[in-house]
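The chains carry the letters A, B, C and D, assigned in the order they are written, with residues numbered from 1 in each.
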Amino acid sequence: MTAKLGRNSYGKSNVRLVKIKRLGDRHDIRDLTVGVFFDGDYDAVHRAGDNSHCLPTDTMKNSVYALAKMKEIGEIEEFGATLVRHFMVDDPYVARIRVEIEEHPWERLVAGGWPHPHAFSRGGGGTRVATVTGTRDGLGVDAGIDDLLVLKSADSAFSGYLTDQFTTLRPTNDRILATVISARWTYADAIDIDYALAYSLARQAMLDRFGEHESQSVQHTLFAMGEAMLERVPEITSVRLTLPNKHHLLVDLSSFGLENDNEIFVPTAEPFGLIEALITRS
Amino acid sequence: MTAKLGRNSYGKSNVRLVKIKRLGDRHDIRDLTVGVFFDGDYDAVHRAGDNSHCLPTDTMKNSVYALAKMKEIGEIEEFGATLVRHFMVDDPYVARIRVEIEEHPWERLVAGGWPHPHAFSRGGGGTRVATVTGTRDGLGVDAGIDDLLVLKSADSAFSGYLTDQFTTLRPTNDRILATVISARWTYADAIDIDYALAYSLARQAMLDRFGEHESQSVQHTLFAMGEAMLERVPEITSVRLTLPNKHHLLVDLSSFGLENDNEIFVPTAEPFGLIEALITRS
Amino acid sequence: MTAKLGRNSYGKSNVRLVKIKRLGDRHDIRDLTVGVFFDGDYDAVHRAGDNSHCLPTDTMKNSVYALAKMKEIGEIEEFGATLVRHFMVDDPYVARIRVEIEEHPWERLVAGGWPHPHAFSRGGGGTRVATVTGTRDGLGVDAGIDDLLVLKSADSAFSGYLTDQFTTLRPTNDRILATVISARWTYADAIDIDYALAYSLARQAMLDRFGEHESQSVQHTLFAMGEAMLERVPEITSVRLTLPNKHHLLVDLSSFGLENDNEIFVPTAEPFGLIEALITRS
Amino acid sequence: MTAKLGRNSYGKSNVRLVKIKRLGDRHDIRDLTVGVFFDGDYDAVHRAGDNSHCLPTDTMKNSVYALAKMKEIGEIEEFGATLVRHFMVDDPYVARIRVEIEEHPWERLVAGGWPHPHAFSRGGGGTRVATVTGTRDGLGVDAGIDDLLVLKSADSAFSGYLTDQFTTLRPTNDRILATVISARWTYADAIDIDYALAYSLARQAMLDRFGEHESQSVQHTLFAMGEAMLERVPEITSVRLTLPNKHHLLVDLSSFGLENDNEIFVPTAEPFGLIEALITRS
């Protein structure tokens, strides 16, 4: 029998990087986690233990730090592109490169009513992410957000569903809808996009729609959110949303002679619903 | 040989509770994790398997939900006191009760420029906590904060320290100081304290001092932060601070002909320094 | 603009199930985490909030418990197939079902030298997993293992690799190779496979090869492990291995006048190499 | 106002260490996580930023690696004592030292039916831990175990408990008892103890008693386990056990016409009971 090498990749994950930019009157901070992954004709590496075409993952890590020093980081989509281009030029053997970046948010401390020039606290509101992929033929840019926990306590129903012999769920016109948004979207063209603006508009479109939507299900709201993002940001060609349903169960207080009119809930960690969909332009 | 029962406690941990308050024009949300722990003469429970003096932890859990319905929650210190008093009256056998509460922050979504009446996103800035303990003689109230990640990129030094044969650290006048603040403080008297105000002042005192301090070490800044809290909030009698030193190591770029003038850092997760101290009024 | 629904799925994740089988002289225990995911024409659910074709994820959860009671669980591949078939019959609208199962290992306590009839402790050696997918046309079965931490302290080298201006890694003929094996393999045909035996043979083939291999890189050992699995288990058509490189760095003790001859290491959690490949029959 | 420094400590946490011992025909591996914490008169460090009495935590880390090279590690209690004595001699200012060590278990791979000379997999059965504390007057040694998950599916009841208006729990004579054992015990005298043997006997005593006990409550079994340890290991003066009650709830299948005779359970992660007690010799 001869075994055959199929799709493969290798790289360095979780490269942690903080860059402090010392401006005249203040410091700026960037805090990133970077992953670099290579795909190519690495048959000899796998079969023969011949490493001559293999750039070590340690060198990938060094390159992230060196390029963070040599270049402006810019938006994470731009730093991703910088890294992809560097490796494409540097390494003749790699065929496809994927760079994944998360940015950990910091906010300036407000001390005595003023933003502090060099002290910060961790920000909230989700983690911005980007994935840049490149081949010899060009670049593709995806952006997104993770860990954005949201909840609405009205305008959420779930009823009229399919039933069978194992149905015990009761239909409701008024439940808590809570989820941790994870979104990934693709930009039509990697040139001349204002990534900071596009991110901000996409994020706000998603949240605005979440808030205002008359939800019949997580699926229903997911689709509406994706649609809003496509409407608001023309550069986005498609968006994939992954929404765990963070169930909030109504506590039964009837044995204590108490009525629980959608007031007291127990949030449960498991099991959880998990809803995913890709929304594209038609 | 006869074994003897020493200090013991039992209770329910991680009781998750969300309460939605339906006001005319908006909803308010409270999101708590509650722990209830009993201490008393439970010799017969342990030795003889005689449970007649043992209130089940399941009943503790039910009581949290029932009381959240029957009473105003108020500040978490107040809800803790409500629970302690309830159990003290309810159970003749318990000698000492400890209730621990964390409050998970939610912020209103801003949609179309306005705060949303019933949609929220998870807030940042650390988790507020309280511990209320009670005996037949009275209550004690501790408050605090967890998970408050802060960083300053100037005004932090570490030099002049003790050296030995295993010293390799170089003194520095300019390093990143980063930590995840965990603080617990004790109130002098559990009556007539404005807990929301005291918390807010203590937190701000801590952060103001962190920002402005000319730090010679984590210990130095820890003490200054504790001192500021005692100065700003007269009701606080002592504060315990626990500060992991989240090391940010300067990356050596010299092999690439690059100078790294306190610009590029790698944040490391382990090992980490860990600094703890209690600061009291003298 | 009209948005379009692309690939989508919904389901219930992390359904926790323990089944105790009461035999004459002993109990057997099964401890599973189950996920059930549906894919189909759910356009109306997403667009119109019409749930009439949507089986609630709560019903999926109930079905897992009910079928665990009504049927023998058997091997997890078999229970996965039981669930897929049930939902396929039960729900006329679903097109594709994916059931994912992990089995948490328990070992009998040995007390007084004998295996205990009804007391257990958590076992080691990795977590067995299976994924069964089904359509109206038939079933496909994948099996695998997660969280299998292995290390070898000899017969591992990494040298002869590509270098560039950012290379600082030194070649080595003797390093620690450590990884957490995650493997997924596909069975040729879902009928008449002895899943317990195939799993056991695949796992042992992987570990035998890991131990005996003269490793030139993680890739080299990964391929050898996959090849061994294909050789040993004819029912397997392909295997995907995901191997993080859990770096163990040699500690520099030279400043203390101590030589570190591959003896003292610091295992680091991040960054880490990440090597993935699919090995198929040619 | 003058603030006063109360109880304080500083040190290095999570120092990761792997030592490979190269014997003629095989390798042995030790894998430890070490923490070193100092307590003393560090008033000037905290108040004045005077570090002259402060041994950096970086030096603590270096010392762990250097001593791991220079000395036999031996049992973790012995390596803890080695570290405490080193720092006590090395640093004139420290008053009290605490060294905490966990040992991560590795088992030899069995390949072709034989234990492999230099390949290992992660072992199960809990993590052995030790804490050595020292002052100028001597040493104290605690040992223990963490993360030992056990379950029994018979001989566990909970009934006859105190009830009130919020009781809904039903008494049971047959429930699953599951917990993650965390134990810490103190040795009478740090000299001439066979730590490996004492650990092994204490652990086995605990597990034997867990298996055989006719449990009326977690407290009841906790006490019995502690008592067994004191009986079996004369060098132990006291033991503290911390036992979360990992609830396994009976699933209600009655709506589906199915009887669930203690067969199908859902293990829940939160909330959980938490039972702690110290058992001493009387």
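As a convention for this text, a contact is a pair of C-beta atoms (placed from the backbone, for glycine too) under 8 Å apart; a residue touches a chain by one contact, two chains touch by 3 or more.
Note that the coordinates shown come from a computational prediction; the quantities given were computed from them, not determined experimentally.
Using CA-based centroids throughout, the chain positioned farthest away from chain D is A.
Both copies, chain A and chain B, contribute mostly matching positions to the interface they share, with over half of the numbers common to the two. With each centre defined as the average position of its C-alpha atoms, the distance from chain A to chain C rounds to 24 Å.
Chain A and chain B have Cα centroids lying 29 Å from one another. Remark: chain B and chain C have CA centroids separated by 37 Å (rounded to whole angstrom).
With touch defined as above, residues shared between interfaces to two or more other chains in chain A number as follows: 16, 62, 66, 166, 168, 256, 270.
Taken as a graph of touching chains, this assembly is fully connected, with contact between every pair of chains. Interface residues of chain A, counted against chain C in their complex, comprise 1-16, 35, 37, 42, 45-59, 61-63, 66, 90-91, 93, 158-164, 166-169, 214-220, 222-223, 226-227, 230-231, 238, 244-245, 270-282. Residues 165-166, 168, 255-256, 269-270 of chain B are the ones touching chain C in the complex. Against chain A, the residues of chain B that register as touching in their complex are 16-22, 27, 29, 31, 62, 65-66, 68-70, 106-107, 109, 111-112, 116-125, 148-155, 176, 207-208, 210-212, 248, 251, 253, 256, 258, 260, 262-268.
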